[in-house]
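Could you have a look at this structure, given as structure tokens, before my questions?
Going by the order they are written in, the chains are A, B and C; count residues from 1 in each one.
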Amino acid sequence: MDKETSNRIRLGMFVIGGLILLIIGLYLIGSNRNLFGKNITLYSTFYNISGLQVGNNVRFSGIDVGTVEKMEIISDTAVKVTMRVDEKLTQFIRTNSIAMIGTDGLMGNKLINIEPGTGDSPTVTDGASIPSLKSVDTEQMLRTLNQTNQNVSIISEDLRVLTGNINKSRGTLYTVLMDTTLAFSLRKTLENIEGVSNNLDEFTGDLSSVVKGVQEGKGTLGGLINDSSRIALSFQQSLQMIESSGRNLNQITEELKTAVDKLNSGQGPAGALLNDPTSAEHLKKTLANLDSSTANFNENMKALQGNFLFRKYFKKKNKELNQSK
Amino acid sequence: MSAFASRFFREVLFPPYEFKEVIRQCYAIGNKSLGLVGITAFIIGLVLALQSRPTLVEFGAESWLPAMVGISIIREIGPVITALICAGKIGSSIGAELGSMRVTEQIDAMEVSGTNPFKYIVVSRIIATTLMIPILVIIGDAIALYGAFLAVKMKGAVSFTLYFHQVFESLEYTDVMPSFIKSFFFGYAIGLVGCFKGYFSKKGTEGVGKSANSAVVVASLLIFIIDLIAVQITEFLGLI
Amino acid sequence: MNAFNKSHPMFDAKSSHVIEEPIIQIEHLVKSFGDNKVLTDFNLTLHRGENIVVLGRSGCGKSVLIKCIVGLLNYDSGSIKVYGSEVRDLSQKQLDELRSKIGFVFQSSALYDSMTVGENLEFALRRHGKKLSVQEVDALIRETLDNVGLYHAKDLMPSELSGGMRKRVGLARSLVLKPLIMLYDEPTTGLDPITSKEISNLMLQMQLKYHTSSIIISHDMHCAEMTADHMAIMIDGICYAEGSFEELKNSKDQKIKSFFE
């Protein structure tokens, strides 16, 4: 009987132990999903939720404070996201706090980051809506950079063809360029432009590999981004800046390209000077004309010698010339 | 076997209930298997973590190790390994025990003594396996997670809290519930097959060996089939 | 041998207590397993206070006969009447009631391996729905085990017992319910001659003490000689011959003679 009782006690402990483990497990899972605390509901509307899913975390200043409860498409450009957020956080989240779609690391789950608002706005209440921010799309950024890259390469190609033509043609401009300081400086300028464009090419190449590296989580920046979403945010801002500078660069190169294109296609005075063979011909003709006019002048002078009025003068002139010889 | 299974449900519903015997069998099946299940679960957890780590490190995703190990243990490895170990230990012992009871006429003797042997022997054992396997699975899961924690800690600094936080953060109720529910079916299958094979054991000592052997084989196979069906159902319900 | 039996103190009393009141009546019993007809047309009557030994070759269906009597096996046709009621027609409850009046000693003793000797007896006692206090149960167990001389083995497990002891515990377990009818399935099989004589003696003693009527299945002639008031020889599923030990021993029939050689 004693043995049986102790067996029953052990069985009881075994069963209770198992059930306690189950309950602890279920509680831990539940508490991660904020199922047991008091919650409030917040709404935010996004243009694109980038694959956010129900159950993804909501973070406020980098701390998990809730989960995504529901997502519904309310129009072709807006998705309304319902979030359940710990009630204790309501005193920190203000109505001008900004919700952003982010990523837990570069490969992790999507999540919603709520950035603290400024002090003068009221705090949120249950059912409040907070504004959202369109997140930086790294893919779009890379697309822009790629186009910049292509433009730069086209420009440098054009420049190469242009200088090649100048070298080969040995036209008037070549002579002009070879003979004068102006030509030298012009060539120098063109070389500089080529150098600049090469550098630009290299720079954009580097930039794209850097961005790729970041995307793969390599390097300090990648590590930092993986570490905390706070840094991820500032990184996102820098990326925005990079993007805008990229856009500027793009614009510059675009303009440069059209300029060079114009130069190449012979528009404008400089283009004509560089490319138009007729103007060189013209210049030659002018010189020939000059030549022939001096010849004509010579002839006219000889005819004048034969004239009776001036014969004496010319004879005397010849005599003096012969005597002096 | 289906007639046997339906007889179980018929008999389990009507009195008299053999509570004492059920409790005795629960002890014999639950507590006595705890050591074996614990050791197996610990080793599986440890090995799983050690084996998965290099691949994750290659992807720079070492921090995902607790989540990955947690999900694999809770969802699949814990229940299946525990059930297989129990199919080996409990299934064979039930098969052999009932087989020898049949061969030595103990089952007949019980019937002559005014006891329904099906109720006393079969029903109590099936109830015991059905109830005890899930508890063994839970404890096995916990031990396996702890084993995995030790493996993770061996290779890198991670605190107990951080590890278990990461494990439970990656888990959902939809991971835990299906595997918890299917472990009841594992337990039922182990008890049913063991009792069936033993209860209808052929005469002679060879019959006892055969029932024990085929109890293990059929129960193990059934566990995999139930697992397959369970995964289909969970997928159908959209829980994966 | 005969002289020895006659001088046995209990032998003289043997035939005197048989009362002409049928307890078990078996008529035209047929039982087959698939195509194998085990019992073809078996007839036998057990009277109160009588010991019937059923002789037969191994595997001829003797065990099937007594398993049919307690309802462990269903028979195909014919009838078995115990105390006037047909076994096949009894409800589960009535069958349990009948079984509580019948002690069944199995060939392999069928002791529950997981219980001690005392618990084996207690199980049988408790299972028949009789409300008994702990003291009553203990007293009954003590009395019965004392009768078979094994009270000291009360807390041993069946695996720790010798073959003879197991038989005696099996006997005690059947007797603890104070049955009216005892059915023995090969009680002396697998025992050495001395032990088997002891068991046979014990069976006789118990029969006197508890006033039971018995059917003893055996192929052991010494046991049969000691215990039988009446004998039946089963050949090919029928009761081939009946009579006292002496009558059958002196039979001229070749088939009967073969049992006594």
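By definition in this document, a contact is a pair of C-beta atoms (placed from the backbone, for glycine too) under 8 Å apart; a residue touches a chain by one contact, two chains touch by 3 or more.
Because the structure is a prediction, the values reported are computed rather than measured.
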| item | value |
| --- | --- |
| Farthest-lying chain, centroid of Cα atoms versus that of chain C | A |
| Central chain of the complex, centres being mean CA coordinates | B |
| Centre-of-Cα separation between chain C and chain B, whole angstrom | 44 |
| Distance from the mean Cα position of chain B to that of chain A, given in whole angstrom | 59 |
| Separation of chain A from chain C, taking each centre as the mean of its C-alpha atoms, in whole Å | 103 |
| Chain C residues touching chain B - in the complex, by the definition given at the top | 67, 70, 72, 96, 99-100, 102, 104, 106-113, 123-124, 127-129 |
| Partner chain C, residues of chain B touching it in the complex | 97, 100-101, 103-106, 108-115 |
| Interface residues, chain A side, partner chain B - complex | 4, 7-8, 10-11, 14-15, 17-19, 21-22, 25-26, 28-30, 32-33, 55, 107, 217 |
| Touching residues on chain B, where the partner in the complex is chain A | 23-24, 26-27, 30-31, 34, 60-61, 134-136, 138-139, 141-142, 164-165, 168-169, 171-173, 176, 180 |
